[in-house]
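Chains here go by letter, A, B, C and D, matching the order in which they are written, and residues are numbered from 1 within each.
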Amino acid sequence: MSANNISISQILKEAPKNWGRWGAEDELGAVNYLDQIQVLRGIASVQSGRVFTLGCPIARKEGDPVWPGRSQPGHHMTQDHGTYCCGKLQPLGAGLEYADDVIYMAVQGSTQFDALGHVWYDDQVYNGFDANTTIDGMEKCSIMPIAEHGVVGRGILLDVARFKGKKNLDKGEEITLEDLLATAKAQGVTIEKRDILLIRTGWLSVFYNQGSSAFYEGDFNEPGLTYTPELVQWFYDMEIPAFGTDTIANEQTVSCRTGTALPLHGALLRNLGVSFNEINWLEDLAEDCANDNQYTFLYAAAPLKIVQGTGAPVNPVVIK
Amino acid sequence: MSANNISISQILKEAPKNWGRWGAEDELGAVNYLDQIQVLRGIASVQSGRVFTLGCPIARKEGDPVWPGRSQPGHHMTQDHGTYCCGKLQPLGAGLEYADDVIYMAVQGSTQFDALGHVWYDDQVYNGFDANTTIDGMEKCSIMPIAEHGVVGRGILLDVARFKGKKNLDKGEEITLEDLLATAKAQGVTIEKRDILLIRTGWLSVFYNQGSSAFYEGDFNEPGLTYTPELVQWFYDMEIPAFGTDTIANEQTVSCRTGTALPLHGALLRNLGVSFNEINWLEDLAEDCANDNQYTFLYAAAPLKIVQGTGAPVNPVVIK
Amino acid sequence: MSANNISISQILKEAPKNWGRWGAEDELGAVNYLDQIQVLRGIASVQSGRVFTLGCPIARKEGDPVWPGRSQPGHHMTQDHGTYCCGKLQPLGAGLEYADDVIYMAVQGSTQFDALGHVWYDDQVYNGFDANTTIDGMEKCSIMPIAEHGVVGRGILLDVARFKGKKNLDKGEEITLEDLLATAKAQGVTIEKRDILLIRTGWLSVFYNQGSSAFYEGDFNEPGLTYTPELVQWFYDMEIPAFGTDTIANEQTVSCRTGTALPLHGALLRNLGVSFNEINWLEDLAEDCANDNQYTFLYAAAPLKIVQGTGAPVNPVVIK
Amino acid sequence: MSANNISISQILKEAPKNWGRWGAEDELGAVNYLDQIQVLRGIASVQSGRVFTLGCPIARKEGDPVWPGRSQPGHHMTQDHGTYCCGKLQPLGAGLEYADDVIYMAVQGSTQFDALGHVWYDDQVYNGFDANTTIDGMEKCSIMPIAEHGVVGRGILLDVARFKGKKNLDKGEEITLEDLLATAKAQGVTIEKRDILLIRTGWLSVFYNQGSSAFYEGDFNEPGLTYTPELVQWFYDMEIPAFGTDTIANEQTVSCRTGTALPLHGALLRNLGVSFNEINWLEDLAEDCANDNQYTFLYAAAPLKIVQGTGAPVNPVVIK
């Protein structure tokens, strides 16, 4: 991961901000745009009633696709049929028995929503709260406001990989604003204000189909959007509340534009309060959309309400 | 918790079963009833676009309402602003910093769905799979089929506490089939086949408002439904796919009818494959329904895809 | 827990310090006193070769005696005979099978050594290192120097409870310097310079024999030593390297002298670098010493080498 | 890891057993040999009072040397100076502040003792207890008897790597009984009955010095002892209570003699009840012994008392 010496602060000096738009105490950000009208717009886009769940499996024996450095999860049974068989536990009563378990995981180790305060610079998180509020738990801009509000609206899939004629984008490949618009056009669909974008790179399928070595080899650099003033201005003007992808970080790991790491977490998450829904399984939805040419749907997702969490796991529901 | 000597096997000897209804290999159970028609029926019940999320907060400092014996969760930051301030971590590049965390929790320690194999008797889980399949992980009837399918359909709130004129039902108070039907009638709503029931007891608010002592004092015995042949027959005939409550176990802890513990986990979960969505926060939804008299809505919930899990946390979305 | 307005800083203004005694970079503190001569002195006190292990059981079903607020441990099997029986795992080869497990615990949740940096005031830990070095891990004065050095020397049991004619000291009961000296005298033993003190209150047996309610009821206030200028001066002059008790904090929770919490963690741990070995099981050792009147022995303890730990579990060995 | 079709049961058909030697209910095994005489023999071997602690660091950022498949540990601060600085916690009183932490780890993920029941075949663990006793926790032959007894006696270092003129033995290299005896002879020391053996391969230093790739590359196959009838007979006749090495499994991963995995866990741990102390850091001790030619010492180790544990972490103390 290479980075030059320009600070993100300088890069984003002129970039738009939504701080104060929803009040000085707001911690919800662009998800504020998802009002009842947007929910109804999402409802209206439902046609056949086919349901897709976008969550990835958690705690697979083969491992989960985590950001380098994050822990793999541990899932452990605390009791099961064996416990009764060997007499260590008596049935609940009348012969009823049950299995139980615990899990230990990185909160962001699977399909998730970031909290708006998850990433920051210049000692300020979204809406100007002091970054010290992140110490020992997210006192401001945790995942809670998003988890309590829910993220419900009209979703639109932009299958960039398919548009570019590939099974999956290459490592580090850029998706430009033009790519998004061209993909929509080719799909015969129009991105509308306040849409929830789902952008497919196909990258996650490399992990599941080719294995963890192929996914992590060399310098870790995911394909995806990255910072340009035009892209950020477009997100701002289009009032995009949230977007999801099938990558871990929703953007190029190292921006081919700025040469720095993850600038959109600065420009979109921190400055505009756009919600990031990462590590989605989009393959089944994308195949279905390619078949029936319907690329819009109800998107209904609510991450877990982890108190003071920097994010939370989620299993988003898409209804076509 | 008192229990007599009758086995659940004997009690449920004549009770209906859905084993084989969806094939010998089925692990999804009554959620199979939630086909596209049901999804559209749920969509059709949306009126204003108001959203409610039913999940409870996870890892509160004051503690979470867990079943006696289950662990309280542990939420720990792995890095935050403090880590950068004291120089232990260098920013990502260009000055970008982030917070991260892990969680350790009982899989069923908060708002959740049970796996169909979570509880069994006579060495068989739902659909007759051997209970040995639960050893060291749920090989059959884990939460995965439910998590992958999603639980989407028309939901209906039956606010039994309000119907009975109470803030919350008393400890161990029974809800009969008659109570359910009378509540619906008083609410001016009809329970229809394949509805997803949400039953409010108000019991969970005792934990949050009065504290953990009030909730756990004496013998632990939650209010709720319990086994009668009529109730189970009704669930069977009405093809109820899933039901949720604001209690930990969705039924009386010790049945005032059978004198045994949790018989509905045998009669409904195991035998009919009905999904149990437990520990929901229903207070806000119930207040809203009391105000506008709309008791039906789209219910869209997808628990996390915990591989071989006995259940999984979920934050259900309700759209009125 | 009541506390008045005096700062610990003021209380300990004139109290002795060992900062700089072993150099500006020292993180080992008074355990530095345990040189080869002390080890040999410990060896020389061995008479019969009888061994006692002072560790408490970890992860008992009934719970462990943790400081209020710390987590109870979770011990989970990851595989066992059941996993093989149901075919989920194949034997290692040639029919060999094995059981394995994980543990989740508060590092200080059982018999332990504190790191010298575990507690501080005025933003400085032992030897003047900035308290910021504790952020996200103990960069200075972690448990590592103690764990690597080992704590080996002549130990001496001061069975204050027995001296005072009680099964256990009362909640919040004080042990004065005079009590220590009188106990030694009654035991016919002389406390010598650089002895490792083991002080028995009997308090921990309340937890194991009477249960957790008896142990935690009311305001939590353990019996034990507390701050007086004389006691601290004596620890300083006697060059006590370490001391252990059968309480969680090794001192009165709220000092009956200063009215503040845990002043000896300031005066002894932070200022003198004396090692604290807490939550020891002393009942068996004490009974044996009462029988044969031998109160001195080899004490050999080495806490786990938890990198950047605020302390670590230990199972101390005593050889009489 | 290759293995042929012979069962360990057949291989060890004629091998000696200690079952019943210390009674039908014994769970302590050969550590029973470490009576007071042995403790005194250990005491008598102390010369200079120099102390070595053999534990490895736990939860290093760079990772710990765990058996393939076991989890890496997670060490997390629950509070530190940062928590006070940002006002999220008030000092204990009078200005006292403290840091605290938790750890999540494989019980056998660092320097440890195996429980005697950790590995078995033919559905029986040490002393003939049914392997079902391992389900959901070690009901028999857990680490507790060893942890309570302590492992104290005369220790002897056999620095096989140095004897063979290597920095470390090669991957999969065998240590024969002849190697042990020749090493002792070259060191000018005699192995005596009931000695606790410490055998150095140098293998662990490959992990710490060359990194995890060098340690794990290719088929995992540690150097070490392996099964021959002569070696096992010698352990039996010499009444060896325990032995430790600087490898994870204390023996060749795949035996070059039997072609099966870990046969000595069958022949020594299960059949003779010999205690296995694995993953020791022996480099510093070995260097010291090479310098002063003293290869015998007091060995005093007590693993943590993890209830029903398959083993427990330990930081053994060696006193020369």
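Everything that follows uses one rule, which is that a contact is a pair of C-beta atoms (placed from the backbone, for glycine too) under 8 Å apart; a residue touches a chain by one contact, two chains touch by 3 or more.
Only a predicted model underlies this, so the values are computations on that prediction, with no experimental measurement involved.
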**Asked** Once you count every C-beta pair in contact for both, which comes out on top, A-B or B-C?
**Response** A-B
**Request:** State, to the nearest whole Å, the distance from the C-alpha centre of subunit A to the C-alpha centre of subunit B.
**Result:** 26
**Message:** Nearest whole angstrom, what separates the Cα centre of subunit A from the Cα centre of subunit C?
**Reply:** 46
**Prompt:** With chain centres defined as C-alpha means, what is the inter-centre distance between subunit B and subunit C in Å?
**Reply:** 44
**Prompt:** By residue number and range, which residues of subunit A touch two or more other chains?
**Reply:** 71, 74, 77-78, 80-83, 85-86, 102, 104, 132-133, 135-137
**Asked** Touch graph of the chains shown: is it line, ring, star, complete or other?
**Response** complete
**Fill in**
In their shared complex, subunit A is touched by residues of subunit B numbered 1, 3-4, 6-9, 11, 35-40, 43, 46, 48-53, 55-61, 70-71, 75, 77-78, 80-82, 91-108, 110, 117-123, 131-138, 144, 147-150, 152, 254, 258, 260-263, 265-266, 298, 300-310, 313-317, 319
**Request:** Please name which positions on subunit D make contact with subunit A in the complex.
**Result:** 71-72, 74, 79-80, 82-83, 85-86, 88-89, 104, 132-133, 135-137, 139
**Asked** Touching subunit D in the complex: which residues of subunit B?
**Response** 74, 76-78, 80-83, 85-86, 102, 104
